[in-house]
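Below, chain A partners chain B and then partners chain C, in two separate complexes.
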Partner chain A sequence: MVESKNFGNRLSRFLINSIMIALGLLCLLPFLNVLAFSLSSPAAAEANRVGFWPVEFSLDAYRYIMGEPKFSQAFWVSSQRVLIGVTLSVFLTLLTAYPLSKESIHFRPRTFYVWFFVVTMLFGGGLVPMYMIIRSYGLLDSIWALVLPTAVQVFYITLMLNFFRGLPKELEESAFVDGAGHWVILFRIFLPLSMPGLATIGLFTLVSQWNSWFDGLLYMNKPFHYPLQTYLQTIVTNPDMSRVSDVREVLNISTRTVKTAQIFVAMLPILIVYPFLQRFFVKGIVLGSVKG
Partner chain B sequence: MKRSTALFKRNLPLHLMLVPGMIFTILFAYVPMTGIVLAFQSFVPGQGLFGSDWVGFDNFSYLFNLPGIYQVIYNTVFIAVMKIIAGLIVPITAALLLNEMRIRFLKRTVQTLIYLPHFLSWVILGGILIDVLSIDGGIVNRFIEWLGFKSVFFLGSNQWFPFTLVATDVWKDFGFSTIIYMAAITAIDPTTYEAAHIDGAGRWRQTLRITLPGLAPTIVLLSVLSLGSILNAGFEQVFILYSPSVYSSGDIIDTMLYRLAFMDAQYSVATAVGLFKSFIGLFLISTSYWLAYRFANYRIF
Partner chain C sequence: MAKRAGKKSVVLLLVIMTAAWTLSACSKSNSESASPSASQSASTDKPGATQSAAPDNVDPLGKFDPPITVNIGRSVGTDWKYASGESIDKNRVYDFYESGLGVKLVNEFAVAGDQYSSKVNTVIASGQIPDMMLVDGVQLRNLVKAGMVEDLSSVYDKYVSQDTKKMLDEDGGYAIKSSTVDGKLYGIPVTTQGYWSAMELWIRQDWLDNLGLQPPKTTDELIAVAKAFTEQDPDKNDKKDTFGLALSKELMNPFIGYFNSFHAYPGAWTTDSSGKAVYGSIQPEMKAPLEKLAELYKQGIIDPEFGVKDVEKMKESISSGKVGMAFGNFAFPLGSLKQSYANNPDAVWNAYPMPSVDGTPSKAYIGSTASGYWVVRKGYEHPEAVVKLANFWVENWVTHQVEDEKYGSDPDTGVLYYVYGIVNPLAPMTHIPEFRDVKAALLAHEQADKTKNTPNVYAYLDGINKYLKDSKNSKDPSIQNGWAFNRSFGTPKSGLEVLDEYYYKNNYILTTPLKVASTPTMAEKMPTLKKMEDTMIMKIILGDEGLDSFDQFVSDWNKLGGDKITEEVNSFK
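What follows is the complex of A and B.
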């Protein structure tokens, strides 16, 4: 945008910057507050003396959750689901998106296949039938109940499909002339060129696998099998965390410092991949939603 | 004949590649659809999916005679519509303001901060919100008291709860939603702005006459697509944040369904609720896609 440099423009620029900084702070301060609580002494936390900086700095809450077997077990379940879920989703998306990226002239049944997948976006059985089916497959209390149902996502397929369509057509044509089939084209030519697309889908699945909690609550009967977010959900929505009180005498912790520390540790993996998320999601969301 | 066999041979791998994805879709999307028969049965867990007695539409008539069902439907639509409206206005405004920021470092930093809540689960955000909005010692209420006002029971009063839901939902996603609008703004031809400047248009006028019209197609498309979520008031968020004291303003179809199924073990009634919602959803989503296709030339594939 082009503008002149008079007083009015400077004032409005100042106002705009202030508003946006305020919005940025609105998204930052709640996290800082929680982090500050987790690093404060229980006395300061219970007396509400904590703002955005730790008061009477203490790592005891973190020491406590590291020694808590339920927490580390849940962390392990979550890591497993991320690992399996990402591998499975990326592979299936790659395989499904390639044929669907072909034009209908070259691949007649494409329309049928497309509808086959689109129908699942329009209509679903609902919560109870899904639960009953998972139970009848014998998947309750198994890690597979967390990764298999969400392995094929139409949204990811659309994204990958648009990515394939962005690759130059000549690549495929010349490969055909040289006698290559579709398998060779997909794995030898398209795959190496599709790393940014695959990274986007990998990150999408990573975030959604790590963040999912409701499936854990639904399909896992034993809390021992809960992924981290489900475990956290039972703590967050349960005001009486009596378990902490037994050891409170030994370690210098409080319900509030432990809870905030757990929230922060559960956030950590997302914060670590956040720089990548920002880069790939911005591209992914634009590719997947605006074009079509 | 020969040509078509050759074509089939060449395309055979394409069919084979689709097999795994289709097996997954059948197992975890199509087979569960058969489960809707539950809605027409009086389901007893021991007797399996097709073994229970058929009761026709009894579950539906039971459902619509449940006390409070209309309040629940009203809550759902009210919360969802408020979220849709706020979820359009706030990101568009934020994108327009972001676009005006000239200090690159500052703009980047703000963007990094406002995208963040989108990537965190409602469990984490809920945990944080329950803490910061708490009536005794939450930082927000400490601030409100410091300003000299009475503290607000954001999550516990029926007067505030729906608005807390809308506000926190916008807080989670507005930053991320600016991405699409920012992408649309960058697509606007910069020479239009230069021409407008020469003609004497100021910054405000440029925003109003160039940027906003440039955004119009995106805005129309996203509003049309959001039509499909009129019955989705956000299950995960409500489930984490609500409590029995705010059922009358915050209970939505999905949370009622969950309690019916997994607390009262009324599986058939819960399936009926789900089926009712799915059917309206099917109608709404199809309409929104059709409208988007018709007026914005949008296609899913």
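What follows is the complex of A and C.
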């Protein structure tokens, strides 16, 4: 690529760069603000005197949440959920996408199954029927209520299916000639080749499992079964003071610094994992779409 | 060929879906037909059970033997603390219920306050409710209509203890009436204090003194003080960065106190001259304060950004020392003003009665005394358990407070155990006698005394004394609490002092004429009407619309269901 030196090009480069920097700052500054709040003294935080730098630096909020069993409990539930959820989701997506990636001639009921999945994408039962299903399976208040309902996502199947279709047919055919069955082909040939796709799905599930809160609120009956985001939702919504009717309870309402500290710690795992998976992510999603 | 196969499989899919749907419908009707028979068998068991218990042996606190298990749905607080090894499922209070009353409590769900109501709605919609649960007024009516809850009239009359009955009736029968539908009692009300809605005017006394002003007695003086606070630099920092009156976009407490000063009671039900219950927001008294607010807004005396500031943002302005006056209830220092002291140990907040627009003193509004209802599932074998639980609560946490160290609270760690209790009504006047004790002790310079004081009074008094000893150390949380206790419970010019020695003593109070928590049309239409009301108020204050839109609002309000609500409210009186 030739670097052109004329004014117009330099101007547009400058403009693009400044827009990108501005967008980057837009994403970064809220993080800094939350971090600064969590490291300030409660008095300064309540008076909104904190910008992007802590005022009256204090680690009390972090000390408090480390000793707060509710937070660590919720963190543990979320970790479990991510671990089970991602493993299960990736595994099931793999198993479903493989047969569906075959032509109808090789796999006759393919069209039926595709329709079967598409229908679930278009229609849902709604909140109360969903709750009743979960309840009648006896899943209420268990970690499975959080992972099973979203374990198989049609969108991920489509993604994986297109990824498989993009792999050279010859690989599969030569494996057949050498006497390999479908299981061998899937796990020995397709699986190692589709790491970018799997990483993409893994990342999607990881983020959505980590971030979803409403199912926790709906299916979990006890506060200590809440995943982290549900727990955070309960603490960041301001208690309705007109309904609090106990004087000593009013005093125990947690301060803004504690809230922000918990929010910040809850963001960390995703912040740490994301950069490592991102290179797959970009590759995976493009590969799937272009060749499919 | 491929197309035909596709068509075939679509048909097949439809067939399967229909079949699945029919099957699920069948199994549903099965379970439905099964559940009434189950409840029938339960209800046929019941007479036998009550017969076997000797009728003369009705002990309100009698222990269940053998112990019974009760599945409950309850709310919890997000900020509740637990001693190590305890949780809401297993704690000393639940153990106490089991050992003292023979009731083993199992939480079917325990959800935090704000989400509790939607959880209960989901559970009600799904058709299976726990043996006992806490519901609100609308849910109570829905449950009664659906026939899902037990009539408690007879067990209440039979098992209620003297103390419990006295406490539940102390509010003039409001709470019990609001749990009654068609003459039958369907829930045990959780009574609370009605004076949480009684507004007072909280003022920065140091600002008043700086400017040499007197606390306002009339609304004109109120506006003059607000003006001075905005323009004359009351905090002496040579910057025009303050304003007079705190307001938030929610049009809630801070606003209500302002309107009350003009004898207007938005959002509340009051009694008109003919003794009829009427809705405060549509009364002509609303006009004068609205007009005045629009004027103040134009002059920049109220926060020009109040329209986008929620209560949290309003608290920020208070905490950072930008506001000199705010309307709030007696507990306002605990939740909102405390941080103002934390940021500035010289901030002095004093409570004054609301000013008045004319010679007639403004009256404080005393609201509903029932914060929720404990209902019992239809067909549950031991409906009397709910009454006994209430008796047990009143006996051990309200009347006698036995073993407070064990079941009340831990003063060292700040863990409150009593909050885990269920079916827990409180005395409608709780804080007034507590305040009198605290004040007497403060005036006599007495220290807190565990043997003499009730646990609450001890906590307040101890905190206040800690604060008085080291009043400039406003960074210490326990001293901040002491400051807040002093402003709510202490003297002089504390929140309860105004409530007890001004409003109650002079009988400047207005009680709610409502005898029900909610009526059918209220449940359905009120949210829309409230939204309409808020928009109208906001538009008039911001000057987008003139006062005429108030008259328009009144007629719209009546047309869109308000008429019917008023009618229903009066029919329940």
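Basically, the second predicted complex is superposed on the first by the 241 of 292 C-alpha atoms of A that agree within 3 Å, B and C clash if a C-alpha of one lies under 4 Å from a C-alpha of the other, contacts with A are read in each partner's own complex, and residues count from 1 in each chain.
Criterion: a residue touches a chain if its C-beta (ideal position, glycine included) is under 8 Å from a C-beta of that chain, and two chains touch if they have at least 3 such contacts.
Remember, predicted model here, so these are calculated numbers, not experimental data.
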Contacts of A:P42 with chain B and chain C, given as first, second, both or neither: second
Chain B versus chain C as contact partner of A:P69, first or second or both or neither: second
Partner chain in contact with A:K169 - chain B first, chain C second, else both or neither: neither
Touched partner set for A:I21, first chain B, second chain C, both or neither: first
Contacts of A:F224 with chain B and chain C, given as first, second, both or neither: second
Which of chain B and chain C A:F112 touches, first, second, both or neither: second
Chain B or chain C, by number of chain A residues touched: B
Intersection of chain A interface sets (partners chain B, chain C): 48, 109, 116, 127-128, 131-132, 218, 235, 237
Residues on chain A engaged by chain C in the complex (per definition of touch): 41-44, 46-49, 69, 104, 108-109, 111-112, 115-116, 119, 127-128, 131-132, 135, 217-218, 221-224, 234-235, 237-254
In the complex, chain C residues that touch chain A: 2, 5-6, 9-10, 12-13, 17, 76-82, 84, 87-89, 107-115, 119, 122, 125-126, 128, 192-193, 196-197, 252-253, 311-313, 315-316, 319-321, 331, 334-336, 339, 342-343, 371, 409, 414, 416, 419, 426, 431, 456, 459, 474-475, 477, 481, 484, 488
Of all residues in chain A, those that touch chain B in their complex: 1-4, 9, 12-13, 16-17, 19-21, 23-31, 33-34, 37, 48, 51, 92, 95-96, 98-100, 102, 106-107, 109, 113-114, 116-118, 120-133, 136-137, 148-149, 151-152, 154, 157-158, 161, 181-183, 186, 207, 210-214, 218, 229-230, 232-233, 235-237, 256, 259-260, 263, 266-267, 270, 274, 277-278, 281-282, 285-286, 289-290, 292
In the complex, chain B residues that touch chain A: 10-11, 13-15, 17-18, 20-22, 24-25, 27-36, 38, 48-49, 94, 97-103, 106-107, 109-117, 119-124, 126-132, 136-137, 139, 142, 171, 175-176, 179-180, 183-184, 193-194, 196-197, 202-204, 206-207, 211, 218, 235-236, 239-240, 254, 257-258, 261-262, 267, 270-271, 274-275, 277-278, 281-282, 285-286, 298-301
